[in-house]
Amino acid sequence: MEQLTTIGLNHYLTISAFLLGFGLFAVMTRKNAIVILMGVELILNAANINFLAFSKYNGGMEGVMFALFVIVIAAAEAAIALAIVINIYKIFKSVDVSSIDTLKE
Amino acid sequence: MLSLIVFLPIIAGLVILAVPSSQKQIIRIVSLLAALAQGVLAVLIWRGYDPALPGITAGPGGSPLGSFQFVEKVPWISLNLGGFGSLNIEYFLGVDGISVTMVILTALISAIGVLSSWTIQKQVKGYFILYNLLASAMMGCFVALDFFLFYVFWEIMLLPMYFLIGIWGGPNREYAAIKFFLYTLFGSVFMLLVMIGLYFSVLDPVTGNHTFSLVAMATQSNYIKDAILGPDNVFWRYVAFIVLFIGFAIKVPMFPFHTWLPDAHVEAPTAISVILAGVLLKLGTYGMIRINFPLFPEVFHAGMYVIGIFGAINIIYGAFCALAQKDLKKMVAYSSISHMGYVLLGLSAGNSEGMVGALYQMFNHGTITAMLFLLVGVIYDRAHTRQIEKFGGLASYMPVYAAVVTIAWFASLGLPGLSGFISEALVFVGAFSSVTTRPIAMVSVLGIVFGAAYLLWSLQRMFLGQRRADAAYDLVVGEDGHEHIHFHDWKGKIDLDGRELAMLVPLVLITIFLGIYPMPVLGMLTASINKLVQVLSPVVMSQM
Amino acid sequence: MSITTYTVIFYLFAAITVCSAAFVVFTRNVIYSAFSLLFTFFGVAALYVFLSADFIAVTQVVVYVGGILVLLLFGVMFTNSIMQTGQKSEVLHIFSGMLLLIGMIGALLYTFYTTHSWMPSETTLQGSIVERIGFETMSRYVLPFEMVSILLLAALIGAAFLARFDKSGK
Amino acid sequence: MHSLIQLSIVVLLLPLLSFVILIFFNRRLPRRGDFLGVGILGTAFGISAYIFWSVIVQTYDPAFRIAWDFTWIDLGNVPGVGPLQIKMGVVIDNLTAIMLAMVTLISLLVHLYSTGYMAGDKNYGRYFAFLGIFTFSMLGIVLSDNFFAIYIFWELVGLSSYLLIGFFFEKQSAADAQKKAFLANRVGDIGMWLGILILYSQFHTFSFEQIYANLAAGKFALSHGWLTAAGILLFMGCVGKSAQFPLHVWLPDAMEGPTPVSALIHAATMVAAGVYFVARIFVLLTPDALHVIAFTGALTAFMAATIAITQNDIKRVLAYSTVSQLGYMVLGLGVGAYSAALFHLLTHAFFKACLFLGSGAIIHAMHHEQDMRWMGALRKKMPWTFATFTLATLALAGLPLTSGFMSKDAILAGAIGFAKVEGGGIYYLIPVLGFFSAMLTAFYMGRQIWLVFFGESRTHLKPADDQHQDHHAHAAHDAHADVHHEEHEVHEVAWNMRAPLVILAALSVFFVYSPDPLDGGKGWFMKMIPTPATVVGEANHQIGDLRAPVAAPALAAVVPAIEAPAAEAGKHGGAEKDAHSYADMRQAEIIHAGHAAHFTAIYISSIMVLLGISLAFVVYVFNIIDPEKTAIAIRPLYLFSLNKWYWDEIYDATFIKGSMLIANILSWFDTHIVDGIVNGVATLVRNFALLNDAFDRNVVDGMVNFTAFTINTTGAMLRKLQTGKVQTYIVMLLLAVFGYFVFYLTRLIY
């Protein structure tokens, strides 16, 4: 009970693990590119949670700063990714990544 | 000087490469000029050659250059092979009496060959490039004193010959070319093995390294005692000698390795036959004299009579086969086999008379057989057949041709006053003087009769008597009331034309001159041959 | 605020985060995913607050909810007609996906809970760290900061360039 | 250099000059340059006559000998031998001087004669050129001082003979004959060459003088048999060139050549060269070799004489007569009648040349009719020819007062002496055959004279088809050929053909050679050509004891002739041999016995000759015996003779056919066996290659292909994974990560 009531590192790590798992699952299984992007955001968030959690219980500022940069880069990534998705849509008339298998050739 | 004479044709070949292939006349003239320049150089070498210096082995005091002349020696390939030591190949050229005569012969025959190639119409450019390559390689073989260099030239020679027969030859040319190529290659593979064996057995007395220098190899004191081909290793020395001998014998060609020759000759164009018989066959015997014998004198001494027997077989067998031929060119080809038998017989005698005779026979056979093949080519150009039975009575209608043929035929059968006689005579003198080969010489003289038989018989069938019913030409009565000869689709002069005379007359003159006064050639030979005989004699062997 | 309240609120936000994330992933409708993701981001922001990173939490809300999520919604709307009934997103690798989902989470949790005993250091982050962030940004992390600014600028321009409608094409 | 040597070299080279000029320029010279040939030969004869006069008349010394040589081939310092040179040189002794004069004279006369005989031939100029090279070669043989040079000129003489026999080369028979002549000569030449080689191999020199000196000094290292062999082998050269049995077959065929050529080459000079050569080597012939020579000569003389009696061709009769007479000379040398044999050589040269030229005149006048059966009654029409021909015939038959009588009798006397010395028995066969041949000679010559000059003209008897054939054969070269030649008037030949006949006939009379018509030994020739001392003294120890030598005093009395050369040989070679070695004694004995048998020989031979002539008269003049009936009566013998003892057929069946058979067999062997092996090996290699190829394709390549197949299949399977979908890759990546994770954890646990 002590473990449950006293919020510690493990709680955050557990949440981040779930978020990571869901994010990975989305990236792996969903055909819609937008949803995949969402999965990626989930993964990033999971990472951020970890950074901050470790930073909190370590007392250093590194995790915080890292999380900050991750957010910034995630913003950039999201912008680029969406642009790409829109371009893909323009070319393939679809955002279904399973039909975009030109890599096979 | 020697480099120039060797590479001049290749330079000409490169020049031809730059000439557009439609400019046939320019191509021919370039080749001719190169050949003539080669001839001039050969004359300069002849004039500058000091016949008193013997050559053959290392000179007095173990000088690695020996008493060779016009020597050019620079390191060529030097490879460090780690555990095997280092591989030292030199660009080593030089002449002694044995090679200088062959150099002159080669230059002469090359020039004649170019003239003879004038009528080639198919792919002139390619032909002359290959021809010049061939000329260079032949010359290189005769002046190379580094075994490796010799081998390189030897192999280079094969390639153009293969194509020259295989592309410009007669109907069955591919077969002949392949046969020639395989045969010779078979021989050279053995040569390569022996060459490597020798390399590891011989030390250069000056540098202490292994060497390919034939001069060093010819001096028995340079051998490492227990090396693979060192003096202690008797068995392998015998094997090496035999193997090397077979390699050269194929080129000679010696019975039973001769069958490529008739095929190659029959299929090859005239000029190539001339080169083949005039120079290439000599390379076989030259190789024996330059490499086989001085390097393994004791084996030579033991095998003298075997070589002599093969020589006798060549003489008589070749003569008999020639007697049975119906194709004139094939007959001449077999006569070559017979005549090269004299060379073998002379060499087997192992004394000065025989060896000088053999060398002189090589030279004379070169000029005489060249003449024979040119003459065969003349009639083939006109009648498109070489069947002896398709002619008859030609002497009445082609008197100049008949006269030259008569001279050439008689030169070939060894008529005194023509050069072939002196060499044959010396060969017999030598072979008979040597106790070992005396019985062989007694049998071989039969070759004189049968040689005369096939030559005179063919002469009679083709030139004497009357036109045959199925002859390859017609007789027409001309405006002057006399009968003239007419060949189908031959527009040129019936009798010899200027170009043909330009090829034949020098050869005729040389044949006659050297038949009356042989010393210009013999004088260059004697010192070297005497030295060689000394090297080969068992007395010297026992002193080692 | 008592420790119990604190714990309850934590669990609430944790539940919101995880459940909404699960919903993002498992729903077939893209629009639902997007909206569900909004909750996830909020939940995560709340967790940041719990982790004494209030500035980050604010940034999370501003950037993710205000920026990224709007972008994603735009993306959804660009690529799908909103009226279209078939807004369902197809799935593939469902089996391996599930396996990995469970396996990965299981393995991570197993690791976290059994192999390591996390030992908090003596000093933990307490209170607001905005000031420290500013300080760090301008001193130790100034170079990454500047690089990230340039990256962001470049990415935005690039995104605008990529996503613009081709005038000549249509 | 002695001035005579210089002159002799000029003589030697003059005909060569004639050859070179005429062969190249005859068409540009007036009269095709025949005057040049005649003029040059005239000059040569003039010089030769001067040499003859200087040597024989002025010097008059049996031992006269001058020599000069130069190094022709210098082989340098040969190991084991020392400095070695092959020299060429000229020697002039009495024999040379006589031969020189004889050859140039006959050659000159033949040149002169030919200007008439060959006039109008289309190759007229070339004919004189060939005569020039022949004369050159013949003079070369005469002048040579060593074996090598003599061999060279020997072959060159063969060549000129070849060229001249085949002068009418359009005729198949001429072409056949020239080839036959050359080849038969070559067979003899190889024997001669081997003989030379035997001598050279011992002494490393070709010079007569040095070889004889070495032999006399006993330096011959091989066994005595080798020396005999050398002698017989050298004699083979003579067998070929002088048409001795068994190589005589070429000479009758050689009559295909123009008749003046037959006179010069195949009667007077070239065929005599063989005899001359045997004379040159006489000193080294061992008794055994001499026996072989004697028997060969006797057999040849007899055989040819038997053949000659049935021949109908005027030239063939003379040809066989020549063979027969050459047999006499060889017999003479064989029995040791050295001087007599050479004497016969000289006298025969003149009278036989005269006969041939006479027959040429007849043939010319008869428009190339050569068959005696269709001649007759030419005596009145051709008186000059008749007179000279008859005189020469008498000389040939050996009637007293002619040159032939003296020389032939000297030979036969030598033969009798020889038989006596050798102990009789079979050796008497030689003189018997000689005498019998003498009778036959008289018979066939009588027959010839009668058929040609006496009786009725039988021109019209010739069968028509025969005529036509004959005419056709000659049409190619006969400018005078006339379609109606039997109607043509037969008349005496012009002066340029008559003069040679007269000169030659004059030289067939006894007083040219000797004052005593019965004994040539009293003449200058026999005095100037003494029998040289033999150099093979070794025989003394081997067979000397078997026969009792005659007493030394007898020897001393009969050997003045050989004393001088013997002394000379001793001077040169430092001979250690005792002066009375067996061979020497034998030789002296033979000479002695020959002298003793001189008159016996005269009687017997005169009787035989008269017998022969009488027989001819009986048969052909008085017709007591009908030749045709006789021929039928002894038909096998007649045919045997007519067909020349079937030698041509035998040779054709054995040597010619045999050679061709061997040639064809070897050629077959070459193309099928040797080349077959080569091609077989090639096929084998190729089949092996094919096998290898199959192996390669099925096994080696199979393995390769299997690998490829495996990879391909695997690839195809893996390719399914390669969907091109990023997500699939991610799945796999994560699976791998998960796998690692699990691995890591298990490691961590255990």
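Brief remarks follow.
Order of writing sets the chain letters: A, B, C and D. Residues in each chain are counted from 1.
Convention: a contact is a pair of C-beta atoms (placed from the backbone, for glycine too) under 8 Å apart; a residue touches a chain by one contact, two chains touch by 3 or more.
Please read all numbers here as calculations on a predicted model, not as lab measurements.
Common neighbours of chain A and chain D, by the contact definition above: C. The most centrally placed chain, judged by C-alpha centroids, is B.
With centres computed as the average of Cα coordinates, no chain lies farther from chain C than D. Averaging Cα coordinates per chain places chain C and chain D 127 Å apart. In this assembly, the C-alpha centroid of chain B lies 34 Å from the C-alpha centroid of chain D.
Averaged Cα coordinates give chain A a centre that lies 88 Å from the centre of chain B.
Chain B and chain C have Cα centroids separated by 94 Å.
Of all residues in chain A, those touching 2 or more other chains are 24, 28-29, 98, listed in ascending order. Residue positions of chain D touching 2 or more other chains: 725, 727, 731, 734.
Under the contact definition stated at the top, the residues of chain C that touch 2 or more other chains are 92-93, 96-97, 100, 104.
In this structure, the chains touch in the following pairs: A-C, A-D, B-D, C-D.
Listed in rising order, the residues of chain A touching chain D in the complex are 24, 27-29, 36, 97-98, 100-105.
Residues 725, 727-728, 731, 734-735, 738, 741-742, 745, 748 of chain D are the ones that touch chain C when the two sit in their complex.
Contacts from chain C toward chain D in the complex involve residues 92-93, 96-97, 100, 103-104, 107, 110-111, 115. Of all the residues in chain A, the ones that touch chain C in their complex are 4-15, 17-26, 28-35, 37-39, 41-42, 45, 48-49, 52-53, 55-59, 61, 64-65, 67-69, 71-80, 82-87, 89-90, 95-96, 98. Touching chain A in their complex are the following residues of chain D: 722-727, 730-731, 734.
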